[in-house]
Every structure is written in structure tokens, then in C-alpha cells.
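To keep things simple, chains are lettered A, B, C, D, E, F, G and H as they appear, and every chain counts its residues starting from 1.
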Amino acid sequence: MIIIDERYCKGCSICIHFCPGKALEVSKEVNSRGFYAPKVVDQAECTSCKQCELYCPDFAIFIVEDAESADG
Amino acid sequence: MQTDRATGYLSTLAGKVQFALGDEAIAYGALFAGCTFFGGYPITPASEVAETMARELPNVDGYYVQFEDEIGSIAAVIGASRAGAKSMTATSGPGFSLMQENIGYAIMTETPCVVVDVQRSGPSTGQATKPAQADVLQARWGTHGDHEMIAFAPNSVQECLDVMIECFNLSERYRHPVVLLADGEIGHLREKLVFPDPADLDLFPRGGFDAADEAGLVEPMRAYGEGNAVHITGSTHKENGMRDVVSQDVHERLITRCCAKIDKNRDNIIRVEERFMDDAETVVVSFGADSRPALGAVVRARNEGVKVGYFRPISIWPFCGERLTQIGKRVRKILVPEMNLGQLAREIERFVSVPVVRVSKIGGVAHSVEEVYQAIIENSRS
Amino acid sequence: MAGYVLGRAGTLAGLNALQTQSYGSESRGGACKSDVIVSKTEILELAPSGLDVFIAMSQPALDKYLPDISDGGSLIYDSDLVTLNTSADDAGNDSTYTFGISATDIAHKSFGHDVVANVIMLGYMSALTGVVSPEALRQAISESVPPKTVELNLKAFDEGFKKGEMREGELK
Amino acid sequence: MEHHLLKYLREEILPTTHCPGCGCGQVLNAFVNAIDTLRIDPRGIISVTGIGCSSWIPSPYFKGDTLHTTHGRAIAFATGVKVIRPDSNVVVIAGDGDLAGIGGNHLIHAARRNVGLTVYLVNNYIYGMTGGQVSPTTPFGVVTSTTPYTNAEYPLKIAELVAAAGANYVARWTTYHIRKLIASMEEALQTKGFAFIEIVSQCPVAYGRRVGLRDGVAFMEYFKENSVSVRKSKTMSEEELEGKIVVGRLARRERVEFTESLRKIIEEQRTGTGA
Amino acid sequence: MQTDRATGYLSTLAGKVQFALGDEAIAYGALFAGCTFFGGYPITPASEVAETMARELPNVDGYYVQFEDEIGSIAAVIGASRAGAKSMTATSGPGFSLMQENIGYAIMTETPCVVVDVQRSGPSTGQATKPAQADVLQARWGTHGDHEMIAFAPNSVQECLDVMIECFNLSERYRHPVVLLADGEIGHLREKLVFPDPADLDLFPRGGFDAADEAGLVEPMRAYGEGNAVHITGSTHKENGMRDVVSQDVHERLITRCCAKIDKNRDNIIRVEERFMDDAETVVVSFGADSRPALGAVVRARNEGVKVGYFRPISIWPFCGERLTQIGKRVRKILVPEMNLGQLAREIERFVSVPVVRVSKIGGVAHSVEEVYQAIIENSRS
Amino acid sequence: MEHHLLKYLREEILPTTHCPGCGCGQVLNAFVNAIDTLRIDPRGIISVTGIGCSSWIPSPYFKGDTLHTTHGRAIAFATGVKVIRPDSNVVVIAGDGDLAGIGGNHLIHAARRNVGLTVYLVNNYIYGMTGGQVSPTTPFGVVTSTTPYTNAEYPLKIAELVAAAGANYVARWTTYHIRKLIASMEEALQTKGFAFIEIVSQCPVAYGRRVGLRDGVAFMEYFKENSVSVRKSKTMSEEELEGKIVVGRLARRERVEFTESLRKIIEEQRTGTGA
Amino acid sequence: MAGYVLGRAGTLAGLNALQTQSYGSESRGGACKSDVIVSKTEILELAPSGLDVFIAMSQPALDKYLPDISDGGSLIYDSDLVTLNTSADDAGNDSTYTFGISATDIAHKSFGHDVVANVIMLGYMSALTGVVSPEALRQAISESVPPKTVELNLKAFDEGFKKGEMREGELK
Amino acid sequence: MIIIDERYCKGCSICIHFCPGKALEVSKEVNSRGFYAPKVVDQAECTSCKQCELYCPDFAIFIVEDAESADG
């Protein structure tokens, strides 16, 4: 499961850029800290490749491998 | 020393009004003073001096070089000066500390150059982006061995430019490094700046010297590259420049003269501003940016009938001690608002017997008028 | 930028103007602030004790400096970038006049350049406060922006000024 | 739910003060990944940094011992630490200006001595923290705030220089090569002797805008397109390599680590087995 | 902190009589004080400190590392201290100037370490092999920003050792860099040196602190490598060590405390030697090597009935100003023989109203007894 | 009758204060030979030196402009001189401790910038003037006054390092190779851009006695026997090269000289032909 | 070396002894000098004002320091290394006692090591001046020279002492 | 002709070492400055190779090519 930690995200979009699937897109609105955070379009599109997690400069996005997401 | 192109360029600026940073004014002061070499290393809050020089030096046929560190910068500045250029660097506390060894070299070899220290809040990295005035004594004593020093502290953007020209002139005249002891407050604020007309400026020429003025303590300087086989060394040397590192008298003569040329010419160097002094019972002594709220407070107290005077050393070194001794005889107290823990106050204590009250403020913020006013009131009642 | 233009305009108008700015790390992440003092007399106070006019263009700046507004001072903000929530409002002064303008949106839609939001705010402020004359401000803008963009910026300024004039009444 | 690597960080002071899209955060991310993979106890790591945005990567964000020193001197401080604590992982992270500019001499001599430090030099081609002045790695011809008419200096190839100085491990990667970077960071952490990685990184704010790379994403693309492997670079001419970033491992040696030699010599003297 | 092996080795030295150089005595002082790390760079006349440490440190399980320069040396010394070792460096004027930035770092991070400055005749390279005492004010003010300093000046080879132990103790106790302000004269002369018994020494332990003594101004130090995730920075920081480079109050609190911990504990630090003071009308104030001919002259004058006293600051910083103020009230004149142009004399002027007569001698030669004697006679007549 | 090269020297202060058989005198001899052959007017030469026995070679003996500076900083001083006097021959002569120890960073960065200096580094493997402390070029395992139980550091290969930093001309010779050294010094003087020769030289007094080479003659033999040419060295393994001195030219490039670039960029800005 | 041994011997003998030495460039080329003061009382004078005993082992040293010999002082020199020409003699003091010994030659011929010339001079001086007892000097020598050479050095010392005793009469 | 400048010679013997012929040898006596200077055994043995001149650290020995010596 993709988790976005709004406390830390600075809206650089690097995660979106590296996402091989179509799991992420830019939010239309700024978040509380004034940034355009990514938002999850579809958890199912996520391949759990963790590109987003590895490239994020701010520990603001990460993948949790739960039973559900592993299944589907 | 200035090329025609340089003078031409500067003339086009004459009279123009800017809304400029103190740092920018410092750079323009250097340009108008004839500076053609800047060797530097970035550091907040002095980087804008470098940036302005990098942009403008080509317009006066001058050169900007950024070095690998501050030690290289001051070394190159001294080298360039020896090669014939009026030259300078700009830094802040940490970089100024690193330059101290070579500042000693400039003193020992009597090489003119100007070092700008835009003081920030230390020690060490401290509050790197916040202003302070706590390098007053480093400027005087940062290098090893016996020596004198010339240092000036401007309190407005316009004065940054004006005093910078004076720094270059004194540096050439006395063949001594000169420190512009600016503070981050003045370096980083913007106000009106009017450029002078180069035709109105009285620039001290390289290698020139004024016999009447000098009491025979300064020799004209011989530059490199002119076939004179000039030898320069930071080791103890005889009058002909040749090393003699063992004779007591040679060393004594050299160092005594190098100190005397500043000390004996004190009156030609020292500049102060005095206001409301005639009947003052208390005096506020303050310098640099912090002297502005100090003046504001004095004005306010005066308006309320308090007999308080205002005294501002523009030259910090050599120190205006004799004048303060005179003043000390007439007043009851001296208040010293400064953005440090009493560095100027210490020096004043050497010259007066009345109480010297520290009105110190540190932490990167200048005094407010109110704060100094309160100090005046408290110290006037008693 | 707005602070610089304002101060420069003050200088051009023959007033004394002084600008200070927060630098470095502070200006990178969080709240960035530029103080401008404009006065007919010699400026001796280096840091304004209260904000007579506070132009807020980011939420952190608003949150941080709102308490500093003077009695009877004005808050002018870009309503696209800043939200005035009640609690923040409370922190302000009872007598604070607040003026929101959707500057970024106007900049984007009418001028195609978000950056002119700055200048729109200046125009808006000029009309509302009269701190410096619009003439001096227009000259300062002309001298401060890249030559090719002078016209664009002046138009944006005028737009802001117009919007300000519409609300001017509230101040007096 | 929380990021599993937050346990390595001083969470209470996050987010970092780095600008959005800055490579510094990616280096921090890669670093804790390497630590995590190697299962190194972070409390056994002493991070030493200089002054600059890059120096703020572990100081204070990384939750081990952190020594945030003066500009350019991190490696010298770290050498003192390593001599006294030879069993700690002493890691230095700092910028191009810090380690290769003002601190270049300490870098070379520590590499020569082969002191057992792990050094990650974050090369963003600029003095980031002070607002974008030319650095020793800024390419020739680039406009910066102190080279308004373009840079007249040639950039330093730091990794090659450190290799010439004698380090046991030398590599160069960019933030784009994130997985290889992590693997390389692990190699460096496991190296006895001086280990050095030049990490080409992005500063969108103070450098990017000068060269038309407006954000982190643009840099990622740029790094991808302009990198060539060490192996491939050997088949290319000087001209072809112009403007390219050579990535990969540049040196690997087995010279004895300095503090080990120091202890050995002393031990020999003590026991009378030495010269 | 000392290993058993170290204590064992030092015990074998106890009571041994040497004919040793001052520089050697300094090194042995460090060893007895528990120093286990020396980072240095050669320079005359301090190299023998390094050479002795290089030879002896292995015997106490310690490490000698020579660095690429003085900046690296002091940096490593601070690093080693943080890593848990009592550590030191030794240099002379030019190198001392280069160390100033990082001395500020040690102050700001409250890291104990000892810096030996064996003063030579400057400024700059000057008379590199000749002694001087002209870094008195550099030691105090060489680094930027507001700070205090602790510095001691020994006047015999034996005292080099004894005072060095004191320097280490004070450095640990107040978590502050301490300067041993030796002069080339004392560093390079040989006399009798008796090694102490380590069992008799009272060493201040790393991380220990004496609550009664400190007025709560010094916190115990947490070392690296012990799993505490200790964060240290030379930037302004809060009580928990975390950086805060913008708050005025945080900076003010930090710097004020760092200064107060020295200033408020002044009486625990200051050490002076006084002789013939009871009825003295003139006082000779002198320090370091030059105080020996000064004492010789006082003795000679006393033998002839001149009412002259002898006062020697052993600690130079913090300065014994209050004591001199008291003395200044009883005497008519203060004479200050020193191997510089009046650096100690300047400081004395802050505290007394009687004339402070400079008896300076520069050029690499200490005063002779005769010279000081003449000065006493001249200044006692009037 | 007088030596025909005395005209280049400040005769009144001869003999030099160097010890008998010291290589410094041979370097001075080679230098004035090179000047003489090239018919360079000594008054057009500005010699810049640091602090150390080697720095006393031209300062003050060479009768041109001489700038005797602080320890380690000669190259930085010289850069300032060169920028202002680009038409002068600016020559730096100093020791291994001075140029590669404390001054290593200025050396690297001047090489990188390709400043038009001619640098002769006199490598006598020791801090000579201060009496024989270990230097960054002292071989591993040697006893010096500060490495009483042998040196634990690896020596720096300075010439190779300077080549890696980007100098236009780099060579290494010993005082034994006197004629080749003179020829190489001439090449260096004629190079536009940074030219560097590491001159391996003898210090019989502070170094020789430590390694059993008691006088200048012994060193001459030693240098002769332990030198291998650059060409030959390429056929040898690391181990075979251990303890050998690789002599010859190590680099020759044609990058534009720094002060020339600086002037060109400024000229372009002036005339509007630049970027 | 001789100065060190002398001072050390003085220390061992319970006297106060102080030695200073010229360093650096000066000691490399030209005259090298080591001053030793030995006294029963605290030594407060750092540089002796005159030389009571001057041991000269090089021509430049002799030429340079001869004028400094005190009234009634002695000059002891290695006649293999130093020539007393009349002009140099003149520079000395009328009341100077001069003692030449062919120390280097003796060292070379009798001991096969030029270096022991030093110790021969010391022995010679000890006999002639009695500044420090030969016992203390012998102990200081034993502790100062490499262990293997102790015997050799003591023999050389004794040889010098013997030669000195032969001329001792002249002094008294 | 070989000329030795006694003012400058420090007696290092390097010239002698490099002399390919038998023109030079060490003096038996120290010179006025305390050094064992080289002395010319036989001018005729000199090949004018100038090794001595080039290797001398002290400009104390040099060859003057006069008509005589050229003739041999």
C-alpha cells in the first residue's frame, strides 16, 4: 500500500516522475504546508517497485507490504 | 592607477541615486577608490560585496577571482597589491579568523590592502545569517605579534561607500592593511545611496606618500614587474628589504616604526562624530549600525530635557582614547550600546575613570530606540 | 521584490526608506520576511516595532508575523496563498484592517505570469494605504524589472491599484 | 503508519530544511537505506559534517552521534574521532565547496593516509547554502552569482583526484542512480581504509535555475542522459566525455588503514618487535 | 581515562630529575595530565613539544598524529576530545593564528582541549627562531565573536610541567579550550625538571564536574561512541544541543553562559605570585620567562632598600584585574617588563589609575636584570 | 674571474645559508641555467616562495623581484600577482611541506584553474627547515623526529596528483638528472598555463642521516640507482615500483590559461560578444 | 652536546643550571652557540652577560663570541678547528686565559671517533676550571650518550681531564 | 680552465664525484671557512664537460673556455 506522509512532503513530484505505473498524480490543491503533494490515483496500479520511496527526498512516501496489497 | 575606461565608467554613475544594500555600497566604494582586484570566498553576510565586485570590476578593467578559501583570498590580494593593484577582500568572522596570519604578513611587508569584515553573530558558525559587532577586538588583535591596526565602522549605506574610499586611501598612505568593520545589519539593509563624481574624489595614489604627513615613517612603495629586483619578505628585514632574522636592533627598529607610523599619525586617521556634547552629563558611545537607534534614543531623551550626548567613533582603530579621556573628565557616565558583550566598552575603560556602562545586546538583533532610551533614563537619574 | 520596489520608490519620492530582509536558511524553508520603513525623517530605528502595513504572501509568514501588526495597521494578503482562519485572525489586532486579493489568480489568468502577483499586491497596497505615490512606485518598478517585462508589470500594478481603489473606502 | 526508516532519524525535527526536490534528501534516504541493509547499529556511527546544505544531511537529522563542524574541516575532525574510536563507523557527508573547495587539502591527505573514514561528497556544482556562488566543480562557462559573465575556471574531477591521492575505495554516482548509489554506499561503509563517493546531486534552487534545470525532476532526467559508465568512458575520447558524468567505481585498493598502522607500529615498539 | 599501563609507566618516572627543555616539560605535563591525543604541525620553537609527545604517547596508550596544517591539527584535537580523549596541540604565532577559527568552535561546543603557543618574534615569520611574548592579546581575541579565554604563562621549566596539568584540569572542568602561553625563551631553555608522582596528582576527570564550584554553568559532557546520539554543533543551539540559529534569546543565553562560566569562576582559575608587596611603592608586573630577570631586578633593588614589589600573573586570562585594582590603590607606579610592546600593560590600564610604565623589549631577547633594575631605579626616584 | 651566472644572483649575500651538499643549491643552479639558456630577462621574473629551506632558493638569492611569503601560501600569492601581471614569468619555488603539505589545496586549485605559473616543488622528503619532521612525502616506515617508531603514513605522489588536478605541464626529475632537469625547467617556463615540476632533492642534514645517506654524493648515487623513466614505469607492477622514483614528463595539455580566459570573458562582456 | 652534558651535570650536582641554545637557520650555517649558566642560587638572568668559560669549537663561533669573554674568563678551544690569530686575540680580553687542545686530533687518533672531541673538551675544561665536578660530569655523560658508547666517552673525558690537569697551573 | 671560488665552496665534493676525468680531488686541508674544498689536480685532465659546474650547489666551481684550455 502506498502511504503519503503529508507532514513531510514538499511536493517535488519526483515520486510521480519515477512511478512506472499510473499509481500517482499531482494533487490539484496545495496541502496545509503550501505544497502540491502527490496523491494516489489507484493503489492497484502500484507494482510495489518502491521507486517512489527510494527517490523521495523527504521520507514522505513509502510502501507497506500488507497482505491485501500483496494479493491484489 | 585607474584606467581611462574605468574613470569614464565611474563618471557615468556620478550622482545616480540607488536603493542599495550596504554590501553593494561597500563594493562601489572600492570601485570609486580605484580597486582593481578582488579575491574572495563567499560567506553570509558578505557575499553580496563579492557578487557586486564580480559584476562591476570588468567595467573598471579590474579582476574578480574567487579562491578555494579565505587564506588563498587574502594571499592573492596581497600578491595583487604587490603587483600594482589596489586590492581587497570581504568576509565575515570565521573567514576573518582564517585571514589573520596573512594580515600579519601584510603588516610586516607594509602592503596596502583592504579587508572587509561584515560581522555576523558568533563565535563559530553561530547565527550565520544574523548581524553582530563582535569582531572589534579580533580586528585589532587577531594576528600574532606586536602591531597596530586601522579599522572603520560605517553606520549607513552611504557611509559604507564613503568610508570604503577612506579605507583605501589610508591603506595606501600608511602602507598598512585596513579593515572595514561593517556589521551584518548595515551590510544587509537597503537605503538610499548616491554615487560620487570621481572627479571630486581625492584618491591617494599607489606608491605616493606625503612627507609632511608621515614624519618620515613611511617609505614609498616599489612595485613588482618594473625591473627593480625588489625583495619582499615577512621575515624581519633591514631597511633595504633583506632578511635579518637574528639582530635584535633590526627587529626592534622595524616593528617600532611599523607601529609608530599608525600611532604617531593617529590624528590624521581618527574620525568621530559628536552631537549634543556641549552640556552632556551622560554620553552614549556607539558605532556602526547600532549607533542609529542609539542616536534615536539620545534625540528622544534630549527632547525630554535629559543632558545626554552622542559620540560615535567612525574609526575604531586607532582608538579615539585621548578624546574620550577629555570627555571623561566632563561627564558622569558613559553608556555603550553595542551588539556584543562590551568590546568597545573595554577599550574605553583604558581611557576614562568614570563608569562605563555596557548596554550590550547579542543574538542577532540591533537595539531598538526604546531599549537605549531606557538605559539612558536609568543611568541619568542616579 | 515587492519590498525592494517599495523602498526604492520611497527613495525616488525623496523620502527616507530602509529595507531589511531575513536571509539564508530561514528564507529558504519557512517564513521569509522583508521589512520596509518609509519616513520623512532620518531613519534611526532599524527594525520596525510594529507592522503598519503587512503584505502577506505565504501562510507561514502570515502565521508568524500577524501578531506584530500595529494598532490600526492593515493586513493585505494574497487570498490564493493565504487563509485567514479565525484563530490566526484572533492573533491579529482588533483594530486591524484586512484586505484580501486573489492576486495569484489574477496574475495567472489576466497576465499569464504568476510572478506579477507581487506587483499586483503593490498596486493594491498603494491604493489602499497611499504609503508611497503610485507614480514613484511605477518608476521604481520600471527600473527594477527586466526591460522586456516593464509594460507587463506596470499593467499588473495598475490592475492591483484599481482593485485597491475599489476597496479604499473601507479604510478611511 | 510510519516510514520504516524514520527510526534512523531525529523525527521531531522533520521535515528537513532542504528545499523541495533537493538531492540532499535523496542522499539521506540512500544513506539510511544502506545502513538498514547492512544492519549497522546507528548508535555506532559517528557522522561528521562541515558547513553547507549537504552537511545538514546527517546533522542533525541522522539519529546517531553527529558532529557538525566548521566549513571545510570535517575530515580533519573525523580523523581525530577515528584515531580514538577506531571501531566506530566514522562517516563524513558534506558538499563540493566544503570538502573539495576550502577543505580540499584535508581530503587529499586523509585519502593519502588512508584513514578509515567513509566520505560522501555531495557535488551539486555550487555553493548552495550561501546562495549560488561558483564552486570548484561548477563547469566552465556557467553563469553563477560570482561569475556573471561565465565561469573561467575548469571544474575539478574530485573522484579522480581522490583516487590519485591513494584512497582505498572511490566511486561516483548521481542521485538518479539511486539503487547503485545505495549499493556503493554499502561498499564504502564496509571498506577498511579511506572510502569516497562523489554523489552528483541537484540543487534546483541555487544552481538549477542558472542552467535551466528548474526542479528535481529535470535534474533526474539530466543525470540519466548525461551519465556514462566508467567502463564505457574508457572507450571515449576527451572531447566525447566533455560534459559527461562518469559513474561507477574508480578505485579499489587494499592498503592498510591508517589507524591500524598507527596501532601496529606502537604495538611493535611496545613489544620490541619493531624496527 | 588513563589506562593502567599509562599510570604504570608514569609511576616509573616519578621523582626522576631531568635537565630538560621547557618544551619537553610541557609535553610531560600533558602526559601526566592524562593527555592521549596530540595533533600537530611542526613550527619553531614548539616542535620539541610535538617530538616529545611523538616519542612518549605510545607509552601511555596515546596517539600522535601530524597533520597537513595547523587547521587540521586543532580540528582533529577537538574531534579526538569529543571521541573521549584529553587532547592537545602545540604551535607558535603563525600557526596559532590559523587555529583561531576552530578555537572558536571549541568554545562554542564547550569542548575541552589545550593549545600550547610557544611564542616567537613576529608579526608574520619575523624572527622565527627568537622568543617573544607578543601573542597575549591574540590568545584572548584571536577568534571572532564574544568569548572568554583561559591562558597560563609559566616562567620555569618545572612550571611548564605543573601548569600544563592545571591547563588540562581547567579545560575539563570548564569545558573550554585553554591556552598555554609559553614563550620561546622558556620553551627552549633547559633546567632541572622533577617528574611528579601520578599518585599525588589531582586530575579532573572527563565528563566530571563539580557542582558546588560551577554555579550551575557547566553541564557534564557526553562523549561520542556510547550510544547516546549526541548532537554537537558550532551553530547556535538550545540546551538540548539542537540548532536554533534565529532566536535572539537562545543565542544570548548560550553565549552569556559560556562567558559567565569563566568569568563567574574567575577566582577558581586565577593564579598569581606576589613577593615584597607589603610595603611596595612601585610594583613590577611581569610574566613568563621575562619575569625572571624582573624578579632578579626587584631582589637587587630591594637589597638596596628600594620599596619595590613583584607581581606575576601565572594565569593571564582571565585577567587578575581586581587584585591589581587593589594594589593600584596602594602604589604609585606599575612597571611592566614584557617581551612585547605593552600588551599586558594595556590590560592593566583598564584596572588602575596610577601610571602603568611600559618596560618593553622586542627583537628576540629577554630583559637582563640590569635593564629592569635601571627601570626600577628611574621610576622610583620620581 | 667569476661564474657567468652570478649576474642572476644577489651576489652580496652569497654563499647561501643552505647546508653543504644540499640540493637546494643545485635547483638554484639549474634554474638560472634555464633562465640563461632561454635568455629570459630576470627582471621580468617574479619569484614567489613560501617558508622552508627550498623557499630560500630564489628568496632572496635570485636577482629578480622576489616575494617571500607565508608557509604554504606561495601559489595563492602568485595567482594574485599573475592576474595583475600576466606578462611576467611568475615562478614559485618551495618545498614538499610547503606546497604539498600545508599548501596542498592552493596547489590543486591553481592546477585546476590552469593559472600560468611555473612551479618547482623541491621534494626532499622532509620538513628540512624545522629540523626533520615527517612530511607528506616521507616514505612509509621511515624514522623522523616526529615518527620515532617509523612513519605510518603513505607518501603523496605529488606530480601525479597535480596531473590529475589538470595542470598543463607536469614532470618529475631528481637533482641527479641535472641536465634533463634544466631542459624540463625550460619547458615549464615556456608553458602557457600551470606548469609543475617535482624536483626530488637531497637534504643530507635533516633527512639523509635518518636513512643512511650522509652527504650529497650519497644522494646522487641513490637517485641514480632508484629512478626509472615514465616509459619504463609503465611496464612495471605496483610492487616493482615500490621505492622507485618515476622521472620524466607526466602530463602535457593545451588547456587555455586562466588569466587569459579571465581577460577573454571580460572582453566579451565589454564588447557584447559573450554569452 | 657539551652544553647539555655540562648543564645536566650541574643539575645532578645539586646546583642550578640553565642552558640556552641558538636555533634554526642560524645554527645551520654559521656560528652555533650554547650558553650554560651554573649557579648555587636561583637563576634569574636568562642570558649570561659575559662568558666566564668559552669553549670554542668552530672558527665562526670563536670570531663571533670572543669579544663576550668576561674579565678573567677562560677561552678553551679545539686547536684543530680554530685558529687564534692575533687580531681575534685582540678582540678578546687582556685578562683572558687561553687554552688550546688538539681535541679532534686526539679523538681521531686515540679513539677513532672524531665526535668524542666534544667530551675531551669537557674533561679538559673540568680540570682547568672546576665548574662542575668530574664525577657529576662523568655521570651526566653516562646518562646522555648511547649506552654502547659510554665507556669510550668516559675514556675520552678522562683523557681530556688529564691534559687539563697538566695545564691547570697556568690558571691559578 | 677550472676555477674554484673559495668564497662559496662548502666542500660537498659533489663536483669531484661527477668529474669523469681525474681533474679534481679533495683538499687535504680545510679552507678559511672550515670546508674541504676541491682542488685541481691537473687542468689538462679536464674535458670541459661542465658536470662540476652544473652539479655544484654553490656556484663555486666553473669552467672558463679559454683558448689555452680549448687547445688542451
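Definition applied: a residue touches a chain if its C-beta (ideal position, glycine included) is under 8 Å from a C-beta of that chain, and two chains touch if they have at least 3 such contacts.
Every value quoted in this text rests on a predicted model; they were computed, and no experiment measured them.
Asker: From the C-alpha centres, identify the chain that is farthest from subunit E.
Answerer: Result for max centroid distance from subunit E is chain A.
Asker: So which one's got more C-beta contacts, E-F or E-G?
Answerer: E-G
Asker: Report, in whole Å, the distance between the mean C-alpha point of subunit C and the mean C-alpha point of subunit F.
Answerer: For subunit C versus subunit F, the centre distance works out to 61 Å.
Asker: Would you kindly tell me how far, in whole Å, the mean C-alpha position of subunit C lies from that of subunit B?
Answerer: 36
Asker: When the C-alpha atoms of subunit B and subunit D are each averaged to a single point, how far apart are the two points in Å?
Answerer: 39
Asker: Quick check: what residues of subunit D touch more than one other chain, meaning two or more?
Answerer: Those would be 18-19, 70, 101-102, 104-105, 108-109, 136, 149, 262, 266, 269.
Asker: Could you list which residues of subunit H touch at least two other chains?
Answerer: Touching at least two other chains: none.
Asker: Subunit G: which residues touch two or more other chains?
Answerer: 24-26
Asker: Which residues of subunit E touch subunit F in their complex?
Answerer: Result: residues 40-44, 47, 50-51, 54-55, 58, 64, 66, 68-70, 94, 124-125, 128 of subunit E touch subunit F.
Asker: In the complex, go through subunit H and note every residue touching subunit G.
Answerer: 33-34
Asker: Along subunit D, where are the residues that touch subunit B in the complex?
Answerer: Per the touch definition, subunit D meets subunit B at residues 51, 70-72, 101-102, 104, 127, 130-131, 133-134, 136, 145-149.
Asker: Which part of subunit E faces subunit D closely enough to touch in the complex?
Answerer: Touch list, subunit E to subunit D: 36-37, 39, 58, 63, 65, 67-69, 71-73, 75-85, 87, 101-102, 105, 224-225, 227-235, 241-243.
Asker: Which residues of subunit G touch subunit E in the complex?
Answerer: Touching subunit E: residues 4, 7-8, 10-12, 16-26, 43-47, 49, 140 of subunit G.
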